[in-house]
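To keep things simple, chains are lettered A, B, C, D, E and F as they appear, and every chain counts its residues starting from 1.
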Amino acid sequence: MAQFDLPVAELEQYTPQVDEPADFDEFWAGTIAEARGFGGAPVLERVDAGLTEVTVDDFTFPGFGGHPVKAWLVRPARVDGPLPAVVESIGYGGGRGLPHEHLGLAAAGFAHLVMDTRGQGSGWGSGGHTADPVGHAPASPGYMTRGILDPADHYYRRVYTDGVRAVDAVRQVDGVDPARVAVAGTSQGGGIAIAVAGLLPDVVAAAPNVPFLCHFRRAVQITDAFPYGEITQYLSVHREQEDAVWRTLSYLDGVSFARRARAAGLFSVALMDAVCPPSTVYAAFNAWSGDDKRIDVYPYNGHEGGQHYRFAPTVEFLRKHLG
Amino acid sequence: MAQFDLPVAELEQYTPQVDEPADFDEFWAGTIAEARGFGGAPVLERVDAGLTEVTVDDFTFPGFGGHPVKAWLVRPARVDGPLPAVVESIGYGGGRGLPHEHLGLAAAGFAHLVMDTRGQGSGWGSGGHTADPVGHAPASPGYMTRGILDPADHYYRRVYTDGVRAVDAVRQVDGVDPARVAVAGTSQGGGIAIAVAGLLPDVVAAAPNVPFLCHFRRAVQITDAFPYGEITQYLSVHREQEDAVWRTLSYLDGVSFARRARAAGLFSVALMDAVCPPSTVYAAFNAWSGDDKRIDVYPYNGHEGGQHYRFAPTVEFLRKHLG
Amino acid sequence: MAQFDLPVAELEQYTPQVDEPADFDEFWAGTIAEARGFGGAPVLERVDAGLTEVTVDDFTFPGFGGHPVKAWLVRPARVDGPLPAVVESIGYGGGRGLPHEHLGLAAAGFAHLVMDTRGQGSGWGSGGHTADPVGHAPASPGYMTRGILDPADHYYRRVYTDGVRAVDAVRQVDGVDPARVAVAGTSQGGGIAIAVAGLLPDVVAAAPNVPFLCHFRRAVQITDAFPYGEITQYLSVHREQEDAVWRTLSYLDGVSFARRARAAGLFSVALMDAVCPPSTVYAAFNAWSGDDKRIDVYPYNGHEGGQHYRFAPTVEFLRKHLG
Amino acid sequence: MAQFDLPVAELEQYTPQVDEPADFDEFWAGTIAEARGFGGAPVLERVDAGLTEVTVDDFTFPGFGGHPVKAWLVRPARVDGPLPAVVESIGYGGGRGLPHEHLGLAAAGFAHLVMDTRGQGSGWGSGGHTADPVGHAPASPGYMTRGILDPADHYYRRVYTDGVRAVDAVRQVDGVDPARVAVAGTSQGGGIAIAVAGLLPDVVAAAPNVPFLCHFRRAVQITDAFPYGEITQYLSVHREQEDAVWRTLSYLDGVSFARRARAAGLFSVALMDAVCPPSTVYAAFNAWSGDDKRIDVYPYNGHEGGQHYRFAPTVEFLRKHLG
Amino acid sequence: MAQFDLPVAELEQYTPQVDEPADFDEFWAGTIAEARGFGGAPVLERVDAGLTEVTVDDFTFPGFGGHPVKAWLVRPARVDGPLPAVVESIGYGGGRGLPHEHLGLAAAGFAHLVMDTRGQGSGWGSGGHTADPVGHAPASPGYMTRGILDPADHYYRRVYTDGVRAVDAVRQVDGVDPARVAVAGTSQGGGIAIAVAGLLPDVVAAAPNVPFLCHFRRAVQITDAFPYGEITQYLSVHREQEDAVWRTLSYLDGVSFARRARAAGLFSVALMDAVCPPSTVYAAFNAWSGDDKRIDVYPYNGHEGGQHYRFAPTVEFLRKHLG
Amino acid sequence: MAQFDLPVAELEQYTPQVDEPADFDEFWAGTIAEARGFGGAPVLERVDAGLTEVTVDDFTFPGFGGHPVKAWLVRPARVDGPLPAVVESIGYGGGRGLPHEHLGLAAAGFAHLVMDTRGQGSGWGSGGHTADPVGHAPASPGYMTRGILDPADHYYRRVYTDGVRAVDAVRQVDGVDPARVAVAGTSQGGGIAIAVAGLLPDVVAAAPNVPFLCHFRRAVQITDAFPYGEITQYLSVHREQEDAVWRTLSYLDGVSFARRARAAGLFSVALMDAVCPPSTVYAAFNAWSGDDKRIDVYPYNGHEGGQHYRFAPTVEFLRKHLG
């Protein structure tokens, strides 16, 4: 896609107004309270993944509606003293996969919780294991438009809540220091990390890479690529539902969550990324309210962004903030 | 796709063995009984679609689980005496759309019920209006693999049941002759028509065009095209679930329903159809047990098949069998 | 294509200068006079299309050069009193198809004349039935560049004239009120409707959807899509004929016809339409000289635009203006 | 396309039955007689193409219907004694282009006549300059289906006749030895060369490369590629015209012309050619009745076949047979 | 690609004859002897990759021509006693990347040497760091046809030799048990593993996934996909060099190496793999001479094959054979 | 690509700053001196190409490093007096091919030297015959990034030097007037022509068509097309080498060579050219320092630009400047 979006100098100043409903905080406070009201504690079951240097737990925690959500908890085999923890969400269509796919952070000394995205995990990779027990009205294939006519019904209301509850859950684990928890993720996982950081101001650090789920309106105007394209597809059919759609999405926009975040933030963005266009990423980054923030720019990459090059700066960032 | 499948002479003899579970009939008898157990009657609400020569009713009937399913009932404005009725299901991703899209059969003197496919209707066209209130485990985008690990959970168990209940419902309408009901549809709609004809032996006639949902195993082996490709995509991720997947699909295969059908059957098939390969269509047609059956072949068409050229032979066929 | 053209605010003000030859009106007056000079009257032959609620006539009228042009005339079966009539032209590559494809307007109480586009009708759908007996110099595949070196030879000179003669013809039909005739069409059909409205100021109303054949120069500059791309293809080969090409097209531009129209106008446009880019549609709409005009905007659609959603507002518009 | 057609060993034995009407020879004898009846002689006009070592004449000859057809006649500047001549036709969509594109055969000492294909020449390259003044019924974009419902109307009836008349014409040129004329061409040009060789048994040699226009039925069954795909497209719309289409094409099939050829034949074929599948080429080659025939096989090429590698063997072949 | 190659039952019996030159063993014995003649020992430099549970060495060893080749040696941080070692090669176009991308085998207790493929590493991923200092005659973009006219010059002669020398080198490392070394790799890496196992009969085990570089002739006949397509592209240009090309490749074919292998073999293959078609993989597997061999089949995958699902069976296989 | 770059009016004024290292001239003076230091003279071997009107010599000259580089020297058969000469380089991926592909300039009375591009010639056409004996570090497939980390190692340093040495060589040929030499080429050939004209101020004329290798930074920002895309691909992997890459390319930019050219210049550019975007061509043209310069614009062409339409103006231009 070459560098199809705004020039870097303009991106750095790009702070668009995005719709934000008056009851945004109320909506989310109610949502989180309701989910916590279901109670429940994480269940850890040790699994043999053929690995000798790390331990792996099959981790089940109560998410939105108290529904069971699956994750892997991967830790160094030699645990001594409480560990800092990183809660990671997965990119669109993927699942937590297999434990040995998640060795980097544990090999670097962190407790690493990799959570499923409910209902996803059959699009690529090694699979997910978490159902979404909630049905939906007509929707584009995919997840973006499930429940699009009412924020209370929207799929990502459940997913963001799962993310909050994952942090709640990992904090209850023996050997994890509840004060030192970060969130991270790439693409959809980055969007979830931003939402969780906005909802839980005591999360210490957030590391979203090429985040999805930010500034939906602009995304739809400048790219055809999926998954934002699911919104376009939906609106191209349901021509009369435009207002309802934008209203629902205004409760879910990463820009609004970024405004509320207090964590240190390490973003990354790719200037040839047609899936999560750079202006949508900068819209969230420029709105981010944490004191310590930085964005790493990959001028010649598409949506893969920094890929494995993100590991070193992310570990350095996490060590700085999680100790 | 040129003529990529078997030559016509072989297609005409193609009667593959497809897996059929021992409790197939029991499974479906129980399913239908359960759905009927929810009771309920269709609700008709007259709508103004700007049309003077036909009437349109917004038709809501209880489907699987008693869930409300939407349809349009379109009839000639001058109704005199009970009309024969045609229940039509829609192609994959579409919905019942707008009433004026369905004028042909009414203009030819039939009562025409066009039912939504639950949860669909946002992929193309003018939209659907029926939710599927049932959630699902991880699935490929689309509908084909929702609940794929257990026949009781599979999406098409609900849809086929909706189709049966649509026939039940239209038979209760004043001015419809319950003895003269046919089923029809194209692609997914044709697959549903076959299933309903297999489940309701007193349906008089069935007119499936280029039907989907037949002989899943062969489809997956010879075409990459979606929606059969959703099964491939799912299995390419969930490599360990192959047996469960094929078992579930064995309860849903059009070939097994065709064996049980007693209605007159008018099929059509296209020899360049990569979406619903001709051998999968012939597998169902050759298994069809109704006495009066015919298949019209379009040698130079893809999945569009006979398209508008189907209208005349279909009307002739319906008049012959519905009077 | 996302929203690749100008922003809506600029589109609403977009009134480009397009080349218009000094003898534009003379050229067309002579053309129409010559065609009318061939005389002839429409021939109606009643056909059995399997329909009971409408009547269908195979309608042949003398077009450009007196050549026979085919159409369907579809009317409500119960004709009482003279009906208002709508003359519709077809999208690029299609033909009049089969009668039952055109039931909406008749079911709404109009006489509906669906005319073939000469020489077209083998690209998609159910076929056309009208020859173009005139040959041509080297041309791109397609119709856009046939006779491109001289306006007198150009294919669309013949087609626009056929459109005028179709209105002439329908006005001669018993049971049609010649004072209440509208023109309509989508894409190429919309372009023809604009031309006819510009040539026949007594046409009462025009309803072009996502019209083609407007502001050729801009179209070629901003889109590669066919059929405008046929001009590009031609010029990419015949590099020395640029002036002749633009001169010919200046006699055929919808913007010039729009300036001359007096009918009420109901346009529609899609902001993601790469086939008929929105700025070319607005160029015609903004030039439209009829007093009562409106444009409906579909922000999330490509060239399909409003599709079936156009039916209701079009019927309402026609009823308002045709009575 | 890898090697998608039959294995070489089967290709070498491939002699399918193709439909051949009883009046094939009568049809063509009448056609040629009629064209010759229009009389006329070639007109040569010397042009300055910036070349010093060859001469170029703008060559106009009477083709089918006596219509003027354009060609370039390129000859060595030092003409001494009558030269052998090669009449070349052009690939689909192209025209005779510019004179300096045709220097090879003249630089090798031949008189080289490069004829336009009427109505073509705007698809690629440098353009054609010959109109086809005959119109047509609805047809797919392109030339393959123009007049497809009657052999008397078909476009290639005119083109093949032009090819015969080009040989007639070049034989009248001062400095050309009428006894030493060959025909050649690539793709469509190869198909025309086969037809001319079948119609003029006194043509000495024919060199068709990857010829088009042979065994239409098989072509349509095994490839989607255009231009054969134009037939598929036409039949996919005009589903009721299949018999008429195949009847018309039976008058135009290169296999039938090859059976009648007496010239020496040098064919070439490419095994990965999806445009002119190898089995269709072998069908013509195996039917070729000339005593001296050979086919050069390019196993790893698509439709480009031997391309410039054809020059040396073709010159050698022409020298052998034309002296 | 659906399941485009032979059916599984035929694949299991597929043992084609592939060309094998008489001096195959001599050629390779000389090549390896020459490379070893350059001497040199691996150089290990400890690097800080931000990891606490494993150690990483930047590993440089002398390859073909004594040229320095880069690898990562990744080991559990707590080394006690000599470790078994796995030498892995990389897929086409990739490089050794960054150390943290290779944690699985070390976390499972192995010494893991990940070697660069010379000159590659800029096509995807995180990069390679090894030059190929040898130039080449005209070649297709890519590596497959570099030096294609003479086996002594061919690129893969150097690469296979690098693979042998990598095993030589890792055996010299303190803490590695030289008797317990396996080779592994996916795609190109699998092809190299097969070659090394054929050249070093004392390698204990080999685990090639969806291996490339096997049965070149068939690959070229049935797939267009790159990198095999580089051969096609080369031959499509250099039409006269076919014999030289096939002769050169006969020294490099994985089938010939497989015949010579004595190691235990764990293969995997994907039935929808158009990059490394299943018949080419079975050709090597069926020729494999090791006593203990198995092939895992992924019926619904393309070239990604088992992907992360390969980890568990590979670790189990390695533990069984390396102890 | 429609007209995707700047409007013509802006292109005509487009004179961007491109990086130019301080030692640019020193670097190139040293490079050329070193190459000339290897000495050597061209070797001509007359070949029989089947042509009677021109002569062909297989021409081998010492290029960079004294490496043998192949060319064809094609001349009119009747040489009388010293001829002016044109040195042509070839487009990316191609080779000098076969002699009869290069007849135009010889037929117009010039000595025409068509040089191979080292290592290329297997991508399309009839092949090249010149090795590049120098290896390289990891690079994208293709030539653009070979040696990208150091200008001394870069592939195009060798190629540009070959171009200079080709001029040196042709000037030594008997029957060529060393004072009347021009350079020409299309795409990559045009880029080489610009470089040679910048390095040899006594070249009389230069005719680059749609030249490649100009203003690399802008090219990468606005197009994804290859071969510029090779730089993007390389940087997308080697994210840390951006500075080194741009530094190397600053020694190779056509804009810097254009500034130093003194020859008459005839450029051509195509406004829909996504391979060599018009702004990169204008950047070089506007920087061109020769007194007599002109650019021909093809508004409706892609990278094929004027193609055969370039012949006449180029011959006219060459005659004007070479006599």
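In the analysis below, a residue touches a chain if its C-beta (ideal position, glycine included) is under 8 Å from a C-beta of that chain, and two chains touch if they have at least 3 such contacts.
The shown structure was predicted, so the numbers you read here are calculated from the model rather than taken from an experiment.
Peer 1: Along the graph of touching chains, what's the shortest path length in steps from subunit A to subunit E?
Peer 2: Step count on the best path from subunit A to subunit E: 1.
Peer 1: Farthest from subunit D by Cα centre, which chain is it? Let me know.
Peer 2: A
Peer 1: For the homomeric pair subunit B and subunit C, should the interface be classed as same or different, according to whether the shared residue numbers exceed half of all numbers used?
Peer 2: Subunit B vs subunit C: same; shared/all numbers exceeds half.
Peer 1: Determine, using the mean of C-alpha atoms as each chain's centre, which chain is farthest from subunit C.
Peer 2: Using the mean of the C-alpha atoms as each chain's centre, the farthest one from subunit C is E.
Peer 1: Quick check: how many Å separate the C-alpha centres of subunit B and subunit E?
Peer 2: Chain centroid spacing, subunit B to subunit E, equals 50 Å.
Peer 1: Please report how many Å separate the Cα centroid of subunit E from that of subunit F, as a whole number.
Peer 2: So the centre of subunit E lies 39 Å away from the centre of subunit F.
Peer 1: Hey, what residues on subunit C touch two or more of the other chains?
Peer 2: 125-126, 309
Peer 1: When you check every pair of chains, which ones turn out to touch?
Peer 2: A-B, A-C, A-E, A-F, B-C, B-D, B-E, C-D, C-F, D-E, D-F, E-F
Peer 1: Can you list the residues on subunit C that touch subunit D in the complex?
Peer 2: My answer: residues 93, 95, 116, 119-143, 145, 233-234, 237-238.
Peer 1: If you look only at subunit B, which of its residues touch subunit E in the complex?
Peer 2: 220-224, 232, 235-236, 239-240, 242
Peer 1: Which residues of subunit E touch subunit A in their complex?
Peer 2: Listed in rising order, the residues are 49-54, 76-78, 97-98, 100-101, 103-104, 106-109, 125-126, 307-309, 311-312, 315-316.
Peer 1: In the complex, go through subunit E and note every residue touching subunit B.
Peer 2: 1-3, 272, 298-302, 304, 306, 309
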